């Protein structure tokens, strides 16, 4: 009985955390637009604009579909991103992250992308196909430096579990260790690509390929993609914070610590997101091959330097 | 769940988040950018330019239409998802403007598509555009912008007109 | 004396080989081969020769006689040589009918 | 009872040789193929896995006037046997509709079964090699049926090279040990053994298509019949890895040098070659336009992971390698069969000429989609569990070079997976008149998907299957329950993922169900306001040269790879060969000179 | 039952010359060949049970004509007669002269194998050569004539050289009996070195070793399929067996080294030359040269390892049967019927060395032997030549499998029977045991 109750409480906590995280993501979309507007010296939309947009899209009267494969985009995108968030420790709360590890998270992040790509393919719009091509090439590009950085972390902490990595960083964030400062810088640029912010907003370039994969999406499908976008903001920034900034864990034990950790986590992901937005507003768009070269030439070399350094540290 | 139950919320959401598809036939290229950028900043009302009709709520038709472009406009309009609104810019969609006697110009857009809002002037200034948009928002909130319902209801009539236009160049009345 | 015979054998063989290697005319090639065969036959006989020996005919009062076996061998070898030569000439005739020349021409190579 | 299985197979081989009717032959071979499967399922009791109980004997010795062939079952062979023989019945079911007449497919499929059975059961090198070459022969005859020159030449050359190298390795081991029995060969850490093992591993690597030795794979896979290629890629290519595992881990004498192998640079080299194979083959697959060649390169890449596992050699890595082998067998067979179904209906192989097949062949698409999920290692498919184990192993060993390369190859798999999905199945509906593939073909594909689904939820069962091999190889077994795998570094819990997925699906499902939608035509698409149906000559299918920007960047580095090295080597050999045949210049006088020279030289040599 | 080995030679010779008197040339030849085959089998049975057979004609050794049959010689006699019988079935139109020449060639090849007398060997070589010249020229077109003339020129030079060698040998030992000479080898002077050189060169022309094999590609290309087939399993195999005997006589390390180096050169050059051939018969001819090199390599290992004799046996027999089948098939562009496809694939696979064909055992034992000798050069040469061989045979199959040309029964089945022999020998490899128990070559 007690176990059932505690289990239910756990499920409830997980549900609440996930919902809150998604809400934060949607809020961040508005905040992001506001920040960009302020950089542009504009007023910008209200910070709750994300909710309005999503509500409008989902409440559209007619929704079109191109068949059941097209609908997979809707199902996969939300499912995948929420699932990913469940496997990331948020502010020291482990959720399900002890049941999987960083590789799982890395691959879980592919589920929504794959669903998205399936829907885009099924829509039959050539722009969508080109957009998906760009997105996949972007993925191939930014994964290399990111993965190298992640491997460096895993070797240093001798674990693949994100929860373990977060726990090991208690008191000393990875970013404070010299080689990981390089890794973090590299991973931050990879984050720019993951969030599809400029200069890496190549896949959805609206002026070139009519917003790419989303060209044929409207109504509830587009709404679910917006939710997915919101989720990616939280997921990727949290991944970054968990890997390099100790997951925002500053206190241990008790409800108070949880609240404090949550707040620190929020601040940290906000800062990471803001940094990404500031880079976004300052750069034009790369071409896809330029992005590929950037990640595989300069970023990868930096990441490898960090990795070799870490390897040397671990060996000696 | 029925649409009507949500229509109030939906209208409010629509009003605060108007996504625009700009069907540009040449006019408005000077006036639209200031509306989007920092001087007038239409984003503060939740408006944003969109790339495809699937995503957009408002079809902005700037300038005159010919038989050739009308086909595309209709295609684009039909691809948009309800609720959708048409805003016609300048004098040309109203009565043909300075091209009224051309053999090929569509003089009255309203015969082929339900226009929710006309914005007179050749061209209207950015302030005018903002004003028109505010007007449209009010209409949406009040439930007056029902062009899409009208189109659906009188679909036969519109189709007939469109076909006449494609056949003879313009509808003779 | 015996050295003179061996010299003759060697020169016959050398002449034959020289002929085979240098001549283009098929008739000459086969003549050269015949010369070689003659040399070899001579050699066989020379090997069987024992100084002072008589012909190996059993008449009762000889003491030394040349080795009879090589002579038998030479007979066989001569027969074989003749038959090969006959066949060769047949082929040369055929060759001439087909090609209208006795010059050796290669058709098949590599 | 081994004799009985062999006898049944051989009788069926001879019988099907003379049957012209495709369906009769298919049914006969289908029934026959269940015999070895039943035998292997039954032998599971030896290793603590009771699936069915018949009571087959599992050893056999054939004595032929001094030449003795020994057969017995080992845990490794059992694992591979289950894998390969459960692959065959669905493929034969598929062929029921695929072929129109029996022109040699079925008998040689049975011959391949015989050879695989022989290889797996053999416990001495002579019978191993006999059946190994029999397998090579069977594959060659299968390739002959379609008679593509490039495929035949490349396959036969590689196959003979592999055979001779293996033979030389075996001969060296025999020379050193004086025995051919696996049980009696003791490997020592000296130079000769290293040479022997290297020769054997190169020989096995040719069958396993490791990277510099892979060039026979694309032409063979792209010109042979699909059911056979499904078996070749899914099943027979694993036999090369079976050989490696046998040599390095399963032979009793191998335990002597276990410590040596684990620290050896050679096995690290194998792991590196494996990871580079995965990496480069992935890139080649990304840019390939021929569907079968794409799948061929994908096979090479996926097989590279197995080599990484074997080279790493820890228990996690070994489990990952075997798991990957098992998965690859099924998903790649499914994909080849799906490609065959598509070609069966459309007659096209080029991805840029296909498109929109999924709308008319939804069942084929679903099977292919699931296989692609497993291929791309999307979590909770069993493909992920295998790759996850391999990644864990690389991190555990601190293989800082291999781990990122494998991960990037894994990302690359998404790229070519999408190319298959979009280029073949989605996009423009180019074939509106085709029908779904015939029922036996669909049934075959879905049967192949079944094991993947089982191990999707319960990856632990797979680890159960390999436990006895791991412990017999002197490796620690991995702690697991049916749905959780624990390693020293992290956990993977499928139930957690599934429950989480159900939870996460709630909002998506609500949105999907509550808001109505209606289906629109394919033509109803936004292309800059244009109306696609007005322009019949314009293709809306953006599948031609799909990854061009990436190709422009990457291709300069990929050119000059193995193929060009081999072609320049081929040219050199051709030149030497030309020189050699110039000796025979057709001039009889020259020949006479040769004779005299030969005489002079040997006379001189002898006298001197 | 007493078997007279001389019958194996005498009966075909007799009937060959009686042939003009007998009308039905084909039937008579077939009966004689069949009879000869049975006789050879009986003889083999006898030899297997009772040990080597001797037969002395006219004088007592060392002077008289002397026949000596051990296991392997008996088996080779069976092989030659059996293959000759099968091969003859494929000849469609038999003229009397053709049958005569055919019988002569077969009888003399058998004679080379079973004779124990070196001059007799020479005589049989000459008979074989003369009949082969005529058979090669049988088609009477330009190519056939050219091939025959080249063969004849080289063959005549070879006979001269062989005779010189015999003369040296005789002058040294006053004996022509191989076994007599072998036992008295230690008495020899420097002349026997020269004798070996001349004999090797002379026999080597017939045995197709490099560089004495200039006639091979042209003669095979010019000859009809059945003739090329006969040449490949008859005189040339007898020639290589004669070299085996030669090596037994002159069993110095030097001569084995010589055989090894010549063998490797023959192997490599033959296979490489075949690699670039477009003409099928020429390609097969070069391939034969390569295989002869392989057989010579196996001979060169005779005194170092026990595997050599087994490898020699398997290589010789498998090559005879499978190359015979391939030459018969080379008459047509494509295989056409299933029987031909079967014959082609089995023969090619046997040559490449794939189980369960006989060639596999040859390759298995030769590599086992080479590894025992730790002769890395042999291994490397075999690896390289196998790959080259595989490449051109795959190319050969890829064209012949596709071309559909109708094959009559008479053309399709003899190769299939030969292929079946290869297959049977491969499946029942323990036959080698009975071939190599006892016998001179085995020591």
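Letters A, B, C, D and E mark the chains as written, and numbering starts fresh at 1 in each.
In this text, a contact is a pair of C-beta atoms (placed from the backbone, for glycine too) under 8 Å apart; a residue touches a chain by one contact, two chains touch by 3 or more.
All of these numbers come straight from a predicted model, not from anything done at the bench.
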Taking contact as defined at the start, I'd like the list of chains shared as neighbours by subunit B and subunit D. A
Top of the farthest list for subunit C, CA-centroid basis, is B
How big is the gap, in whole Å, between where the Cα atoms of subunit B centre and where those of subunit C centre? 114
Take the average of all CA coordinates in subunit C, do the same for subunit D, and state the distance between these two points in whole angstrom. 67
So the centre of each chain is just the mean of its C-alpha atoms; given that, what is the distance between subunit A and subunit E in Å? 77
Round to the nearest whole Å and give the separation of the Cα centres of subunit A and subunit D. 36
Listing for subunit A: what residues touch at least two other chains? 59-60, 62-64, 210, 215-216, 219
If a residue has to touch 2 or more other chains to count, which residues of subunit D qualify? 524, 526, 581, 584, 586, 588, 592
Indicate the residues of subunit C shared as contacts by at least two other chains. 17, 20, 29, 104, 106-108
Please list, in label order, each pair of chains that touches. A-B, A-D, B-D, C-D, C-E, D-E
Residues on subunit E engaged by subunit C in the complex (per definition of touch): 63, 119, 123, 126, 129-130, 133-134, 137, 140-143, 145-149, 152-153, 155-157, 159-160, 163-164, 166-167, 170-171, 174, 176, 217-218, 221-222, 282
Interface residues, subunit C side, partner subunit E - complex: 13, 16-17, 20, 26, 29-30, 33, 36-37, 39-40, 43-44, 47, 67, 69-70, 73, 76-77, 80, 83-84, 87-88, 91-92, 94-95, 98-99, 104, 106-108
Name, in rising order, each residue of subunit A that touches subunit B in their complex. 33, 37, 40-46, 49, 52-53, 55-56, 59-64, 206-207, 210-211, 214-219, 222
Given the complex with subunit D, which residues does subunit E contribute to the contact? 149-150, 153-154, 157-158, 161, 190, 193-194, 196-198, 200-201, 204-205, 211-212, 214-215, 217-218, 254-255, 258, 268-269, 272-273, 275-277, 286, 345, 349, 352-356, 360, 363-364, 367-368, 370-372, 374, 379, 382-383, 386-391, 393-395, 397-399, 401-402, 428-430, 433
Complex interface listing, subunit D residues touching subunit A: 356, 358-359, 365, 373, 376-379, 384, 387-388, 391-392, 395, 398, 400, 403-404, 407-408, 410-412, 414-415, 418, 421-422, 426-429, 484, 489-493, 496-497, 500-501, 503-505, 507-509, 511-512, 515-520, 522, 524-528, 540-543, 546-547, 549-550, 552-553
